[in-house]
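What follows is a set of notes on a single structure, which appears directly below.
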Amino acid sequence: MNEIPLSYILFVSTALFFIGMYGLFTRRNMITMLMAIELMLNSVNINFVAFNKYLFPEKLDGIFFTIFIITIAAAEAAVAIAIIIHLYRNHKSIDVDDASELKF
Amino acid sequence: MNLSLLIILPFITAMGILLSTGLKQVRIVALAGSFVQLGAAIFLLIQYWQERSAGNHSPMLFDVTYVWFAALHINYHIGVDGISIAMILLTASVVVAGILVSWDMEKLHKEFFFLLILLSLGAYGFFISLDLFTLFFFLEIAVIPKFLLIGIWGSGKKEYSAMKLALMLMAGTALIFVGLMGVYYAAHSFDIMEISQMHLPIEVQKFFFPFAFLGFGIFAALFPFHTWVPDGHASAPTAASMFLAGISMKLGGYGCLRVATFLMPDAAHAYSWIIILLATIAIIYGAFATMMQTDLKYINAYSSISHCGFVILGIGMLTQTSINGAVIQMVSHGLMTALFFAAIGMIYSRTHTRMVAQLGGLLKVMPFISTLFVIAGLCSLGLPGFSGFVAEMTVFMGSWQNPDTLYRIATILACASIVVTAVYILRATGKTIMGPISNTYSHLTDATWNEKLAAGILVAGIVLIGVAPFLINQLIVPGTENIMLQIGKAITIK
Amino acid sequence: MMLFDFFILLRQELMITAIIFLLLFIKLGKERNNETILLLVNIFLFVNLAVGFCCNTEGAIFSGMFTTNTLVVFEKNILNLAIWIISMQSYAWLKTHKQVIEFYLLLLSSLLGMFFMISSGNLLMFYLGLEMSTIPLAAAANFDLAKRQSSEAALKLIISSAFSSGLLLFGISFIYGTTGTLVFSEMATQITNQPLQLFAFILLFSGFAFKISAVPFHLWTADVYEGAPVAVTSFLSVVSKAAVVFVLVSVLYTVFKSLSEVWYNIVFLIALLTIIVGNLFAIRQNNMKRFLAFSSIAQVGFILIGIAGSSQKGTASVIYFLLIYVFSNLAAFGVVSLVSAIKGKENISDYKAFYTTNPMLAWVLTIALFSLAGVPPTAGFFGKFFLLLAGTEKGSYWPITIAALNMVISFYYYLRVVKAMFMDSNEQPIGKIVIPGFSKIALFICVIGIIVTGLFSWIYDYIFSLSPSF
Amino acid sequence: MSNYFYIVLIPLLPLATFLVLGIFGRKHFNALSGILGTFSLGVSTVLSFVAAQQYFFVDGKVNGIYQKIIAFKYTWLEFSPTVSIDMGIIVDPISVMMLIVVCFVSLMVHVFSLGYMKGEERFATYYAFLSLFTFSMLGLVLSSNIFQVYIFWELVGVSSFLLIGYYFEKPSAVAAAKKAFIVTRFADLGFLIGILILAFYGESLDIGTLIERLTSLQTYQFINITTAGFLGVSMLTWGLALVFIGGAGKSAMFPLHIWLPDAMEGPTPVSALIHAATMVVAGVYLVARLFPIFSMDGSALQIITYTGVFSALFAAIIACTQTDIKRVLAYSTMSQIGYMMFALGVAKQGGENGLGYMASMFHLFTHAFFKSLLFLGAGAVIHMVHSNDMKDMGGLRKLMPITHMAFLIACLAIAGIPPFAGFFSKEEILLAAYHSNKLIYGVALFTAALTAFYMFRLYFSIFWSKESHLHNTHGEGPLSMKIPLIILAICAIGVGFVPFSSFISSDGKGLDTHIDILFSIAPVGLTILSILLAANLYKNENAKPAKIATSMGILYQAAHKKFYIDELYLFITQKVIFPFIGQPIAWIDKNIIDGFMNLLSTITGEISEKIKQLQSGKVQQYALYFFGGISLLAVLFIYWWK
Amino acid sequence: MSASAIIFYLIAAFILGAGILSVTATKIFRSAIWLLFSLVGIAALYFWMQVEFIAAIQIIVYVGGIVVLIIFSIFLTQQSGKEMPKPSLQKVLFSILAALFGFLFSFQLIYEFGFNRMTNSPFNVTVETIGTQMLSTTEHGYILPFEVVSMLLLAAMIGCIVIAMKSNDEIANPHAESDAKLMIHTSISSLQNEKEK
């Protein structure tokens, strides 16, 4: 597998990151925005694992970082979804543009 | 004498005001406090004489230094020379007068007197502090009370004026701050005397002098940054106007002298022509603008611009005599304008108008107040026997010592302003004091005891300086000589 | 290392955790009325604050993941003080609230996160602390359950913080990739100004900037502040900001020291932007909380200038200013929260003629605003002065001039509020407010702090002696 | 020479009176204040006579030369070690002479006012002001320091302002007072700058020092001031000319004379004191005081001469056409002062050439008496008729014989009929003019004729002309008004015989003068002719004057309208300065400078309105900006900054 | 090229394709599924990189936890079937620009940096090493973060409960609560099974 250089994997992760960002920018549905964020976090995970494997195999920093990122991502998602649901109860909509009363 | 007394006394007074209840108590406390301050100031003067006559020639007397913020070399360093003492006396007398004229202040009296005292505290601190940080600290203390005084107790478009005044003065302090920073990082000290010992690099001076001078200049109504003066003075309640013109405009002049010129003499030389230009414009321009005003307070405010022009001119001319003149002019203008505003306030409180056109013949019903008005007017047009004459003539003499033709022309223009002054003063006097009286005013009453006392103190000061100028001259000369020493250094270095 | 030392070093974190569990038990136990709970909580918090001051020891444990020293302890004490004051101020609001304990649980766990973040020795702990301080807050922002705006605020907070942490992680991953370590001390030697590392740094910095709401990463701030309950707003504006600034200072000064001439410019640029934009937005606001939000943005700009100074002065001045900022801002928020909790009014126009009905509160608010504006003799003057003084260290005078002149604008809007309270007239002014005892104490502490912190120099000297030389 | 120290009391007594009356008078002893003032002034007068006696006859003369004695000196304000204002008292011939004139005339006026101003509400104030004026005038004449002169110069100005505006409820009076003050102030500006110039080059303000430095050709001060120049004119000339402008302003020389006629709005005794005898001659006195320096500079003297002679003629012509008796007197005063001026102008320093100097002083001396007499007489008349206009008068000689006699004497004196006082002094002046410049002599001669003409026009139309229709209600007025008239009349006859020239001369040596009969024929003859003409025209009411007036046509109109000088001034102030300087500046200040300050705030507000779209409330946009910020920073600092 | 390379390319293509589809799909349910696929693809990538443990967690937490959670919430908000509103064109434009720029910029930087330093030292990430390190307080010990994270999860749980729980006046909504609980459960369990090792 060594003929796949690190930069290829980084290409994938970076691309995924910005795909996620694109999704965050464009999606008007809050839940889909959340998905986009998950994509971004995953790309970061890929980075960490890849770096750890390719460059610094002697320590497992990257791996652990990935684990914690996953956990926190879960927590974040949970809270976010709770908020979204509550918002849905109040606004009867989960279109992010409807949640823009606070401005200027 | 322990100079900190000059800060502690107002502080105690202010606390006392906060603790006391009811107009009667409050004003008694305030008056007592202010009189004690006046006493302290006079005591200081006496001690100063004794020290000097005992042959103490150190530039600053009674100076005390406490380390304040050791890490930043900030000290609480205070001390006085003749100039500061003159200013302190001015402040003390204006404070007494101001409290006396606002004797019947009903609305929020406690706050009113508290703010007055607070303002005076700032002024005292400013005049005695020899550390740039302390100086700046007290300078800003003196700003905000004005805003509240004008905004709460003022008349006319008071909020606008108050806001304008506060913002312009704050802009001034901002500029001053930058100047201080420059000095600080060049000298690694805030101590005025220390800095004056070392000689700041020319380019530093050239860069930061404008900041400092402009900043203080805004306080001293330097053209074209004078526009806070008319509105501010016009909208302010009487006492506040007196404080504004009598004290806080002097902060600017004193700062220009003590900080900008004293610490950055080379730059002062380099820029003196600009300063003189602006000052001359201010003098002439202010005078002509005054000629067009119809509101007594506006008249006095604009004339203040013109008169403070003399202060700036004197400083800009950089000769010993002219600087003496500038200092005397500060004191004289302080007393004179305070008196003028007091008189205007008395008239306004009776006739409820300040419009020249609506007044007339007041001399018949209120001779005392009218006399005050005339005295203030004559002092302002530089009549011998009053302080204004001494100050202006000293400035002229000093300015004339610069042989340069442009300076000469500036001086002559400045002299010419005394004619214009005569015109507008006599116009105002003729219309309000003299002439036929309209019978709506025929029942009005003359000054009450407190007004008389207030006016008495101010008039006494004016006449004393006017009749015996050698006193104030001897008082301030050592200080100005000290400043001239710096300037002299600058020339020799050039 | 003795086990005991562990406890000494971790005592503040342990205190918080203990309180959290105590509260949990109380919750699980039988129903109690809010008064008793609040009383207990405030006592706990006071004890917590007190514990912070005892027995200072320095050291690093968990293989350097948790490091602490006197300065860090002091910073944590500031935060403890802040949360104590906040909890006393929000008494009026919480007294009628259903989920008091949950509220405190969230606040405290967020505080715990901040503590770990402050004393974090490596990026992992830093990241965990950051998230831990954010996520509960997002939930807490939603605590006005009935209010639409509250949930909108929460949403905005969680979404944008998730986004920013995504970028932050992206940056961290590159730092890890280029240096091969997550430990600050090892990292510092390996940071050079290679483009990728610069990029990583900028991403990381943006994460910080987001948390302290510096322009252009500030846009969530005002909305969240306005929507969230006042208690949360004051927590966000004071505590979380302060915590992140503490970390930012140490990270910039130690980890990225080698990039200092680069980040000097970045920080200065951001600082000026922040001040200007914050001011420009603040002058237009009518809602008190929103107004304070923008004013606090402007304040952050000044803090950044102080940071840019990059010297011992810089550190000291920043921490000093934050202490003052705690007092001033909390005093302001205290009054605002009282008014909004008791009278339900939050607009500046409602505050017209406030002085006639509530002179005491009016004075407190005035003093607070003056302190924020930097008017002597309040402490704010000293704070601002020293910040700018530190910022001038490297001799960039024109930016300082701009900053100084911006203070004039800030004066305008602070004075606007004062004007409304003292000078304007109003048909139906806010009625007389009966101040609860706790709020009284809190406001008193704030005012005392505002006066004392400035005039008595030993506080600054103490901080200065603690802060490391650059 | 401290044995002159008591002279200090002469000015200080009136000052004390002023303070006492000014502060307490009106409330406590309004009626008595007249007596008080008169008494204290009487003391001063006595003292001044004592001083004169001591100076002229006892110890003033040291080996044939009258010394300049500094009786007293105190450094009042020190500008720099060399330049300082010293309050001093100089005792020399002219100061002593002026001392006598001022005190004496002032005393007369005080006495006269006792009756004239009786029952005034502000009686005390009136006397306070009189005392103030007397004090200032005395201070002026005694000044040893040029700046001291300026100080008292201003003070007399303001006291004249106060006295003119005494009837402050009359708008005309207020206007006149303002006019007087402002015009003289304008002139004083010249004086001030002149002082500055002289002081700068002379390096002193002390008159004595200045004189000795600027009169000897060797001193470097003199060399500097003559070599330094501006616009091609030497600084000496500038300085002196400017000083002279100051003098011209006070002494109502053309074109600064416009305030004098209006000043007649004041009470008549005041006019007699200030605007006839004392203050208006201050200019002459100033020039005389600095005469040694003036004599060093020909062009300055030229200016003085021509201004003086022209003013004399100009005023005389106008005087022929006025109908307000006080205005006639005012113009005559102006014309007489013109005499004094050009007399100084034609003089030289020392010896025979100093004749003009002596003559001018002499005329000043005599003029003081008969002119104040004229004014007091006029006062008495007005007091009787309650009008200033000739048309309301006529045939009063029966009603007020004493006044009539006094007035007649005065007229003869001013016309220069021997042996009355005016004759002697005028002779000397004409003589001096004759020796120096024929043209001036001619003009002077013509003016003398005119003087006689208009004075007698005045005299006849008051006392003869038509029969008086008003019947004698109250007599000529109280004794207090008669006595001064009588005393002054006697003086008007007598003072001519004083051996003036032996006391006063340009160099203090004194010079012997004699009346040259042959020379006197021409002026006296002319004078008598013009008196006859006046008698012919005005002794009885007839139409001739009107005819002549119409025949003169435009010329008469011009003269009657005072050659439209007032209108010119009015035009300049009202139509030029106010609308074209004052208003524009006021406008600029309100709209441009203040407008700029306001503009700043509005701009700030505008910007904040504009950028509020940033805060759109849409969280996605926030994220976009967030990332935008990052990319901006990245690009900026990764590619540009290095 | 070798098999693993081809596999990598396939996986990469799959991840990216699914990702793109998940952010562009018009039906929310579909995009959720695409997200699922993309996440699975990432898990596959981990397998390919021989970090099986991470892959396992990836599948358990993401696939088993988060995506399920998301799908629940989609049901809760009754959105499953219908078309989602299109974003405005300008928004799309800006977003594409931003994303493209970001991608090119950062990848260019990465490429410039060129992580060429390849170590062939063995990279053995066995489960027990992870387990021991996770709970050890010594060098390379991660006990502190582990505890911190558990506190965080506790806080998050509380937050979710309070927010999602209907206040008493409304009828309790079982789902919301259960969502939260379930999510917490999954994530904690994911940690449990590490502990066991």
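First chain written, first letter: the chains are A, B, C, D and E, and each begins at residue 1.
One rule holds in what follows: a contact is a pair of C-beta atoms (placed from the backbone, for glycine too) under 8 Å apart; a residue touches a chain by one contact, two chains touch by 3 or more.
No experiment lies behind these values; they were computed from the predicted model shown.
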Touching subunit A and also subunit D, the following chains: C, E
Remotest chain, subunit C as reference, centres from CA atoms: D
Leading chain pair when contacts are tallied as C-beta pairs: A-E
Chain centroid nearest the full-protein CA centroid: B
Intercentroid distance (Cα basis), subunit E paired with subunit B, Å: 71
Subunit D and subunit E: spacing of chain centres that average the CA atoms, whole Å: 104
Subunit C and subunit D, separation of their C-alpha mean positions in angstrom: 78
Mean-CA-position distance for subunit B and subunit A (Å): 65
Junction residues of subunit A, two or more chains touched: 17, 20-21, 24-26, 28, 33-34, 51, 55-56, 64, 68, 72, 75-76, 79, 82-84, 86, 96, 99-104
Residue numbers of subunit B (touch at least two other chains): 167
Residues within subunit D bordering two or more other chains: 601, 612, 615, 617, 619-620, 623-624, 627-628, 634, 638
In contact (per the touch rule at the top): chain pairs: A-C, A-D, A-E, B-C, B-D, C-D, C-E, D-E
Touching residues (chain side subunit B, partner subunit D) in the complex: 164, 167-168, 224, 226-227, 285, 288-289, 291-293, 320-321, 324, 361, 363-364, 367, 378, 381, 383-385, 389-390, 393-394, 396-398, 400-401, 405, 411-412, 415-416, 418-419, 422-423, 426-427, 430, 433-437, 469-470, 473
In the complex, subunit C residues that touch subunit A: 123-124, 127-128, 131, 135, 138-139, 142, 145, 148-149, 151-156, 158-159, 162-163, 165-166, 169-170, 172-174, 176-177, 180-182, 222-223, 226-227, 284
Contact set on subunit D toward subunit A in their complex: 612, 615-620, 623-624, 627
Subunit D - residues contacting subunit E, complex: 620, 624, 627-628, 631, 634-635, 638
Touch list for subunit D against partner subunit C, complex: 601, 604-605, 607-609, 611-612, 614-615, 617, 619, 621-623, 625-630, 633-634, 637-638, 641-642
